[in-house]
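Labels run A, B, C, D, E and F following the written order; every chain starts at residue 1.
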Amino acid sequence: MRPSGRRADELRPISIQRQFTKHAEGSVLIGFGDTRVLCTASVEARVPPWLRGQGRGWVTAEYGMLPRSTHTRSDREAARGKQQGRTVEIQRLIGRSLRAAVDLQALGERSVVVDCDVLQADGGTRTAAITGAFVALTDALEGLVRQRALPASPLHGQVASVSVGVYRGEPVLDLDYAEDGEAETDMNVVMNDAGAFIELQGTAEGHAFRRDELDRMLALAEKGVGELLQHQQEALAT
Amino acid sequence: MRPSGRRADELRPISIQRQFTKHAEGSVLIGFGDTRVLCTASVEARVPPWLRGQGRGWVTAEYGMLPRSTHTRSDREAARGKQQGRTVEIQRLIGRSLRAAVDLQALGERSVVVDCDVLQADGGTRTAAITGAFVALTDALEGLVRQRALPASPLHGQVASVSVGVYRGEPVLDLDYAEDGEAETDMNVVMNDAGAFIELQGTAEGHAFRRDELDRMLALAEKGVGELLQHQQEALAT
Amino acid sequence: MRPSGRRADELRPISIQRQFTKHAEGSVLIGFGDTRVLCTASVEARVPPWLRGQGRGWVTAEYGMLPRSTHTRSDREAARGKQQGRTVEIQRLIGRSLRAAVDLQALGERSVVVDCDVLQADGGTRTAAITGAFVALTDALEGLVRQRALPASPLHGQVASVSVGVYRGEPVLDLDYAEDGEAETDMNVVMNDAGAFIELQGTAEGHAFRRDELDRMLALAEKGVGELLQHQQEALAT
Amino acid sequence: MRPSGRRADELRPISIQRQFTKHAEGSVLIGFGDTRVLCTASVEARVPPWLRGQGRGWVTAEYGMLPRSTHTRSDREAARGKQQGRTVEIQRLIGRSLRAAVDLQALGERSVVVDCDVLQADGGTRTAAITGAFVALTDALEGLVRQRALPASPLHGQVASVSVGVYRGEPVLDLDYAEDGEAETDMNVVMNDAGAFIELQGTAEGHAFRRDELDRMLALAEKGVGELLQHQQEALAT
Amino acid sequence: MRPSGRRADELRPISIQRQFTKHAEGSVLIGFGDTRVLCTASVEARVPPWLRGQGRGWVTAEYGMLPRSTHTRSDREAARGKQQGRTVEIQRLIGRSLRAAVDLQALGERSVVVDCDVLQADGGTRTAAITGAFVALTDALEGLVRQRALPASPLHGQVASVSVGVYRGEPVLDLDYAEDGEAETDMNVVMNDAGAFIELQGTAEGHAFRRDELDRMLALAEKGVGELLQHQQEALAT
Amino acid sequence: MRPSGRRADELRPISIQRQFTKHAEGSVLIGFGDTRVLCTASVEARVPPWLRGQGRGWVTAEYGMLPRSTHTRSDREAARGKQQGRTVEIQRLIGRSLRAAVDLQALGERSVVVDCDVLQADGGTRTAAITGAFVALTDALEGLVRQRALPASPLHGQVASVSVGVYRGEPVLDLDYAEDGEAETDMNVVMNDAGAFIELQGTAEGHAFRRDELDRMLALAEKGVGELLQHQQEALAT
């Protein structure tokens, strides 16, 4: 019944490839089906101006889509001279999600910038980005420990994200592009490994969703995030 | 226990003043306590380029804060030459929320732009903006009916919004500025008069929220939105 | 003969409401008839870079019109990413006018920024802005004296502004929107309480004005500013 | 008593060189003493969007200073990506002044853009620009007559501009850079050949100016503009 | 003697992977050693405004580096709101190089936009981009033939590019990052399969290059481009 | 055979006028035929941020065309808010060319900015700019010696530039506008007084150029630059 033939509670095939590029402290190519996002984590020895001199660190994210990652080419934001509202929203979401897993005090006065660049889009780019960015961030922070710049990783949990939605009247997990355009409701859920919520962003696109639909979507999200956390652990174990 | 002395499930005093300015087709000054937002709805005889020739209309919103609506002065976005990420996020949210209540086909090839300008900020500006914008939009659409430009209002429901959060461990309704800075979790909820959800945006700022906290917050939001819908009706009845 | 029925030398009803919003050090809603401008004065503990370390202060102004303060909606300057030439001209005029009344040396190394935001436009927004901004500035400077940050107010005079023009061949005072579009000549005059000129900006829009017309306009302006100075004093006395 | 040794009512040496560059329909290098401005008038077969289809023409101006036309180098506005407020003000002033001399109806649906670029600045660049731009505009309009695109020049008068000010307590004509920085009052006056005023922009920089000072400045301006109109005629006669 | 141990006339290992992403009409990941550039060619049914209605097509290119494709992170151009001079230069070079191989008349009124995004940089990104972009362009044009939109491919030749330089006094082929920073002279050469030059951009960074050094560099470039043309053919044959 | 009647190896008349404006440390109006470029060199007591504290100086250039320096008016870049790609390319080329002649260590921690503004364009503006900029730079550096700010000029050579191209099948020197639009190949060559190459930028616009054509163009360039170096010396000797 889903265009992909998946069950309602079935994720797309997940792939997580670490060290995809060589310069970044963390570099992960994550795939949620045909959606592929390159997440690189860069450690910098400075913090934003408003945080200077407080002994605390910062974690932030930037997001971009290559112009032809999509079905039809989009304008290059660098050429237009302006990031779109959607881009700004997504990169703020990724940044907040990652910061929820990091002890910024323990990080000390340094920053980690995670760049999430979509090489190929097929729905769910922001949830793939968060899930991959967490792995890149982990690698970057472990690098600081290995270099003895930090005594221990300032991570205090694990974070992953998935989308859920109501497609043709039925709650489903991890919408792809074919479903996304038609879904009546679309919700992005970010959770940690304690099963608690970090971000919840639900939008009714066709009809408003009732409380019982919300409950069923949240249950799907809990299942999906659980599996993604497992994928992250496996990727980090190799 | 709340800085304002309110009960956990108590809204701030709500005021809705229609026809606050004279040029706009709808002009509403809404107050959620000390938060005051001027919402003006402007009808335009054209639609955005990507919608031309389809016979459908469009409803959109823009949001701004006067530079000294806040405790300390913020830069004027027009002078900086760029809207902040937060501004862009909020105006997209308001636009989506309003469109959820309008039959764009019935509106015909015209636009309504709702400007939400914060004169004084004390927390919850986006929820006040949505709630006031709905009233301004209603007035603008009724105006089209009165001028016989439309046979009936293309509104198919009522929309209001409120914030909920976890403040000092306790779920509370309609956070003000004093609570907002300290809240561990903050969620903006947009609902319609059928009791269904249009938007749900929850962010854990201190600690991630558990499912039971989410359920209690949603219950508070349902109560608060119910009262706001009532305030809207009373304002529109006069 | 004037659309409003006013005599040639008659101001519109003037209203000056102090403490219109609560955060700013000075906050004034001024009305020149249906023109309503919110003027807020913000004290900041720093000066622009080019003035640092000289022990002198700075007074500046910013101006904006809410998008639907006018008959038809104008683009939001923050969204366009650029202030219009007219905006820049007006805010420079307001700043110069206010500085003419302040002893910047006595102000010390701090700034006052006066934001003038037009809530409703009906002609003469810049003259209303200057006249209201002076009151907001006075309140902000008095606040510094009350907090003992300054021994005395660095104001050394009073400033107000009015427009004059030639409408259907006749010099008139305080043009409203209905007159403004049709006026052959339009002049904005800023004066102090010693009866001297601070700014004079006259533009012939239809036909060039002769010296005798100029003299008659200046006489009207002197009368009008005199009354506005009186309105300011009354507002400040309450 | 004046740094240049000039009498209070004496202009600097004026030079007007037509056909300074070869591509423009009008090209004038004007000198007010050491101030040198290149004014080129370009005829274009279109009008701005808001004027299309009305059968009327448009005259507008742009202004710029070469980065090292001044004592110390200023940033190139093209590199900063933004024109300064002063630039915008001046080019609007030049445009209005020129339009006051043209019958836009008779010009037909075409534009003349006059670019005023300051090669060397020594005070009074805007008044030199207006005075030179008028000559370039005249040449461009005469060209249309010669090509039989127009039956007669749509000019209905002559326009020139000069500055006056109060320097060390004394009203003087045509301030140069040495006087400008020190002047207590500075006024730019644009007049036509009927002796009427087109623009009057006076600013008190040190002390506000009294009515009698204004009258003496206006008398100087009338004398100065009279001489400039004569210089224009002589230049156009060759 | 070269940091990589290569001979003076030896290219780095070249890899060309077609169909790297699925949406674009041509999608090539090219590697010149560790330099990896994703080149996607997008066919669009329109041409730039200045070319409309002439029956001719257009080929253009855009270039970008992912922020952490380099040793240290660079600002994201979309976030800075401006493309750097280097970026603009490179994308103009790629566009001109590709157009030299295409019969724009035969292409008809459509565009091909080739996006070259550097995933990993190790010197020579512009030459890799041109060489890969040609393959992506070929695939996109062949696609038009397969869809019978064109009777034959409008390509009339093959284009590839390589850098040459003087490193420690010795002309060498295909500089990598380690050599590039130290090279005294750096030249990018674009040639076609007839052995003729399309672009030549040589820059003396340390000392100016003599005519005999130029001749030796050109000979190396001819050899290198010959091998790259062979690599392109092999990739296109599979 | 050339539109101007020149021989294939003949430069246009060259004029170099020093001290064209009075404020700049070096100010040169250079003419290559009807192409006229004003080059001003400004000495500044600071270096760009990335060079601070290293004891070395910097030489850079900016380039602009007056809007009506060309046959038809171009948009003013300051008004568009963006420099064109061509402008950026040219100013980077001028800067690199000048730096090739200066010992930046000997210059000490100061900058020279050379502004090249095209008053009239007739082909070859960038080569005229480089050739004139060198003279302005020389004057500015000599000024530092005369003021005893430097013991000797940090110039270690002379730099000039000319274009060559293939026009109607024949290599020619110093293309003017009439030739430029039609040339099949266009190359800008920057050389020093030791006969070595500093920059070489060749572009095939019609057909790719063969090695023998390149050799003939280089020979013409060597002859042309030789004559330009002579013109510079003569100008500097007066």
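In this section, a contact is a pair of C-beta atoms (placed from the backbone, for glycine too) under 8 Å apart; a residue touches a chain by one contact, two chains touch by 3 or more.
Computed from a predicted model, the values in this text were never measured in an experiment.
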Starting at chain A, fewest touch steps before arriving at chain E:
1
Chain F and chain E are one sequence twice: same or different residues at the contact, by the over-half rule?
same
With centres defined as the mean of C-alpha atoms, identify the chain lying farthest from chain A.
D
Recurring contact interface, reference A-E, options C-D, D-F or E-F [over half identical by residue number]:
D-F
Could you put a whole-Å number on the gap between the CA centroids of chain B and chain E?
50
Rounded Å distance, chain A centre to chain D centre (Cα mean)
59
Multi-partner residues in chain C (2 or more other chains touched) are 81-82
Could you list the chains in ring order, beginning with chain A and heading to chain E next?
A, E, F, D, C, B
Under the definition above, what is the set of chain A residues touching chain B in their complex?
82, 85, 88-89, 91-92, 96, 100, 187, 191-192, 194-204, 207-211, 214, 218
Parts of chain C lying in touch with chain B, wherever the complex brings them together:
21-24, 27, 34, 36, 38, 40, 42, 44, 62, 64, 66-73, 76-79, 81-83, 87, 113, 115, 117, 119-121
